[in-house]
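Going in written order, the chains are labelled A, B, C and D, and every chain counts its residues from 1.
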C-alpha cells in the first residue's frame, strides 16, 4: 500500500506499518489460523458439520431472531430517533443518553437482568407470563435480548441524518399543498430509508454474533432456543473442535458479507450528496 | 458505527414550525410509544439490576463485593482494561492517521478489516485464540515447552478483549480526522513544525473529543466483555475470572443477590460511561458553538462598503 | 490399594521430612494447586481445601493454597485439554478425565487405577426435588412422564449431571421393561417431552427450578438436593428418592504433566488421597456426598437412604460405550430430542 | 391589494423578531424586503406563507384574512434560500409534485411541467437529480416548482444568496423578465441593497424587527427616512464635529450648525459622491492631497487627506478622474456639496443641506 500522489504529511510508513502489524497479529493471523484448520477437513465433512440438523436449527433461530430483533429496532428506533430529534418533552436528554445504554452495559449483565425481568416472578414476567407471553427461556427471550443489544444502532444511525435533514424541504412540500402524511411518505421517508436500512443491518450483524446476553435468557434447548454461537461453545465442550470450527467459519463468512453489505449501503445512502 | 452524534442543529427546531408539525395527538402518541419502548427495554432492566442487588439489604451487598473472589475479579478486570485500552488507543490513532490523512489502494478493504471484530461473534473471537494458542492449536505445544501461558491466563484474556474492542478508537477517530482535513497539519509543517510536534499540538487537540469518546467506549466494552473471555478464561476463581464471568459464577452458585451486586458495579460503569459520553458531547457542542459565535461576530463586525 | 496408598504416603512424608530438614534454614514453601472441578462441588472444596491446607501445614510446614475452577464438567475438561494448568481434576465423570488423557496425553490412560474405588473418593446418586407438600404427588420415575408434569434437567450435551439423569432414566426403564431398549427409548423420549428448559449445567437447572419457579420436578444430584432442602432453601422443597437410581461416581485425578512441570506432584497426590481420609470423607458427607469409607458411611445412613443403585458399567457397558450410544451426534438423545 | 399586513408582531420568546409591521403589496408588484440578517424580513415572508404564526396582527391575501389558513391552504409559491429541492426526486417530479397534490390529470401535469421547463430554460434536465445540477439550475427548478400550481403570490427567500456573483447578475435580470412575463405578485427577501434596488418596484427596509422605510428604490436612496436607511442604502461617510460659534467643525471642515449651542457634538453624514474635487487648488474651500486610488472597475474610490490629517473618501467615474487629471499625491481643492446633520438617535433624518459654493458648470452631476 503506497500513498498515491505526493503528500507532504509525515508518518504514513510508520502508522501504516503499525496498523498492518497490529491488525495482523490480533485479527488476520488468528482468523487465518481458523480457516487453515478448517481446510484440514474435507469439503464433504465441512458441509456435513456446517449443515447438520442441529446447526441448521441454530442458524434458523439466530438469523430469525436477529431479523425480528433488528426489524423491531427499525420500527421503534425510527420512532425514537424522530421523537428525540423533533420533539421537546421532559426527560428528553436523559432518554437520549440512555439510548447508548446497551452499548455500555456488559452483555452478561444485560442477559441477567432481562431474564430476571421476564421470568415468571420478575417485574414484567408476573404480568406477561399469565398472559401466555413467556419471555425467559424461550425463543422469544432470544428476540428480547437481541432487540436490547441492537437498539442503539438504528437510533444512532438515523439521528444525525434527521438532524441534518433540512426543514425547508418539508416546508416546501407544505407550501405546495402536501399534508403531513403525504410529506412524510413521499419526501421524508425516502431520504431516511438508507439510514434505517443501514441501522437495521448493523443491528442484525451485531445480533448474529451475540452470545453473553442470550445464554442467560434463552432456555438453550437444542433445536429450539439454542443460538449458533452457543452451539460453537457446546461443540467445544464436546471436544468436537472440527464441528465448532465449521460453525465458526460459517458465522465468520456471514459477518464478513454483512460488513461488505453495510459498506455498500452506506455508499448508497450518500448517493444524493454532492 | 457507534456514531458521534452531532447536536448542532437542535436550536433550529426550537422555532415554531406551523404547517410542518404533527398534530398534538400524533406527537403525544409518538412520544408515548418512544417513552414506553425505552422504559421497558432500557430503564427497567437498569433499575432491576440495582433493585435485585439490594433486594437482601446493603449488608449483603457490601459483603458480596468485599468477598476476596469479587475483589480479585474487579482487580483483574481493571488490569485487563489497563492493558487493552492503551494498546487499542495507540493502534486507533495510528490507523486513523494512515487512513484519514492519506490516499492509498485497498483503503476500504482495510477499513472493513478494522470493522470485522464488530461483526464477529465474541465466541468465534475466543475460539480463534484457542486454535492459535491452545495445547491442541498451532502454537500451544511450543508455548507449553517454553512454559509460556497465553490462554487461561491474563495474556489470553487480554488478547481476546483486544480483539473485541479493537475497532472502537479507530472507528471514532477516522471520521473526525477526515473531517478536519489536512490543511492544519500542512500549515504547521510550512511553519517549520516537526512531525511529532505537528501531531501533538495540531492534530491531537482538534480530535481530542473523538479520541476520548472512543477510549470511553473501548473501556466500557473491555471491562464488560463476556463471550470471548469466557472461552479463553478457564474460570479459575480469584485468578482468571473477570467481573462478567464472576457474575455468571455467582449466579450459578445460587447467589442471586451477590451476582446482581457485582452486576450493579458493571451497570454503574455503564452509567458512568454514558455520563462521560454526554459530558463530552456537551463540551464538544459548546466548543463548536463558541466557534460559531465568534465567526458570526467577525462577520457582523465587517461593515458593508 | 489402601496398602499402596499408605506406603506411598509414608514414603512421601519421609521425603518431605528430609526436605524440610534440609531446607529448615530456608523456611517453608508456598505451594499453589489448581483444582479444576465441576459445578456442585464448590462448597465441598471450599471446606476441604481449608482442611487440607491445615493438614499439610501440620505435616510439612508448607503453605498450600488451592485455587478452584468450576463449570460444566465437559467444559472444564476441555479447558484442561486446551492448556488450563490444573494440578488435579475432580470431575463429574470418568469419561471427562478419559478425554483429557486421550487428547492431551497429560496423564496415563490407566489413571483410574491409581486411586481406590476407581478414583471415586465419594459417590452420589440422583433424586427428585419437588415443591413443598409434593403437590403433583411425584413418587417414582413413572410419575415423571405423566402429562402436565414439568421436569427440569440440564442439557446432556453439555452437563455431566444431565447425562447421569438421562442414563438413570434409561436404566430405570430398562429394568422396568426387561431390558427392552425400544421401550426404554420411548420412556426417555416421553420424559424429555416434559422438559421445558435445558440448562447447560447442574447449577443452572437448580436455579431455574428454585429461583425462576419453573417445573414441578428437578432431577439432580442427591447432594445438590440436600443442599437445597437443608441449607439454602429449608422448608420450601422436599426430596423424593426413587426406588431405583444410578450410582454416580465422580472421578478425581492428578494431571501428571502439569504437576511434574510445577513440581507439585507430591502435594497434588496427597491432596486427592486426603479425600479418602476420615476427615475428607466427613467433609464429603457434610456436603451430602456419599462417603465410600465404610466407617464414615455408617454414621450417615439417615441422610443417605439405601436404594437400588446400578452402575454405568453394568447397565451401559462403561462410559465410552454409553457416550457413543447416547450422546454423540446422532445418538439416542439426538433421536428422541428433535422437536 | 394582493397582500396586506396589519400590525404584525412576532415574538420568539422574549425577543420580538417582527415588531408591529404594516404594509401592503399591490397586485403584480415585485417587492423587496431588505435589511441586514436578523432584521426580521425572512420571518415576515414565512408568516405570509403560513410557515410561522404571527403573535398578533392580521395578514390578508387578495382581500381574504389568512391567519387561520394552514400553509397548505394558502396557495402560495415559496422559493427557499437553499432551494429545498426533493433530493429523492428528479427535476420533473420536483416540478410536478404540487400538481399531483392538487390531483391534476396526468396529461395536464405533463403539459404544465413542459411549459415551465421551457419557460425556465431547463430543457433536457428533466431526468436529473438535485445533486447533478448547478446552483443556477437548482434555483430555476425551485422557482419552477413554486410556480407550477399557479400560486397567487410568489415568495422568494434570499433567492440569489447561494449562487456566485456572476450568475447572480444574470439571475437578477432573468427574474425581472420572468416577473414581467408572468406578472405574479412577488416578494423577495435580500440583504443586498444593490439587488433590491435593481430588481424591485418597491423596497421595504427592515432593521431589528422594525419597518424602517417603504418606498421606490429612488425614494429610499434619495430621501432616506433615517440614518439606518441612509447608511444601509448606499454608502455614507460620517464625521463627528463640535459646535463653536454656530458652526460645527471637524479638522478644517466647517458646517452650518444652526442654533446648536457651543460644545454640542454633531454627526455629519454625506455620500461619497457629494465630495466635489477640483485640480484648481483655489476653487473649493479645502486643500487636500489625493493619497490613494482604488480601481473598482468602472468606478474609482479615492482617499483625500486634508491638512489636518483628516481623510475623506470619495467616488467618481473613470472619465471624471481622467478629466480632472488626478493621480496619487496630487494636491486638490474640495468641498462637500450635500450633507446631513445626523440626529443623535437613529430615528428621524433631517433634510439634506447644501453648501454655499455651487459646482462649476463644466463638471457633470455625479450622483
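Some notes on this structure:
Here, contacts are C-beta pairs under 8 Å (C-beta built on N, C-alpha and C of every residue); 3 or more make two chains touch, one makes a residue touch a chain.
Bear in mind the structure is a predicted one, so any value in this text is a computation, not a measurement.
Looking at A-B alongside A-C, one finds more C-beta pairs in contact between the chains of A-B.
Ranking all chains by how far their C-alpha centres lie from the centre of subunit C, first place goes to D.
Taking the mean of the C-alpha atoms as each chain's centre, subunit A and subunit B sit 16 Å apart. We define each chain's centre as the mean of its Cα atoms; on that basis subunit B and subunit C are separated by 41 Å. Subunit C and subunit D have CA centres that are 93 Å apart.
Residue positions 81, 103, 211 of subunit C are each in touch with at least two other chains.
Of all residues in subunit B, those touching 2 or more other chains are 17, 19-20, 130, 136-137, 251, listed in ascending order.
Within subunit A, residues 171, 174, 233, 236 each touch two or more of the remaining chains. Residue ranges of subunit A in contact with subunit D, taken from their complex: 166, 168-169, 171-179, 182, 186-187, 190-191, 272-274. By the touch criterion stated above, subunit D contacts subunit A in their complex at residues 49-51, 70-78, 80-82, 84-88, 97-98, 101-102, 129-131, 142, 145-146, 149. Residues of subunit B touching subunit C in their complex: 130, 133-137, 140, 144, 147, 149, 151-152, 234-240, 249, 251-254, 256.
Residue ranges on subunit C touching subunit B, taken from their complex, read 34, 36, 39, 42, 67-71, 76, 79, 81-85, 103-104, 201, 203-204, 206-207, 210-211, 232, 261.
By the touch criterion stated above, subunit B contacts subunit A in their complex at residues 1-3, 5-10, 12-14, 17, 19-23, 26-27, 30-31, 33-35, 37-38, 40-46, 48-49, 52, 90-91, 93-95, 97-99, 101-106, 108, 110-124, 127-132, 136-138, 159, 162-163, 166, 182, 185-186, 189, 195, 198-199, 217, 220-221, 223-227, 230-231, 243-245, 247-248, 251, 259-260, 263, 266-267, 269-271, 273-275, 277-278.
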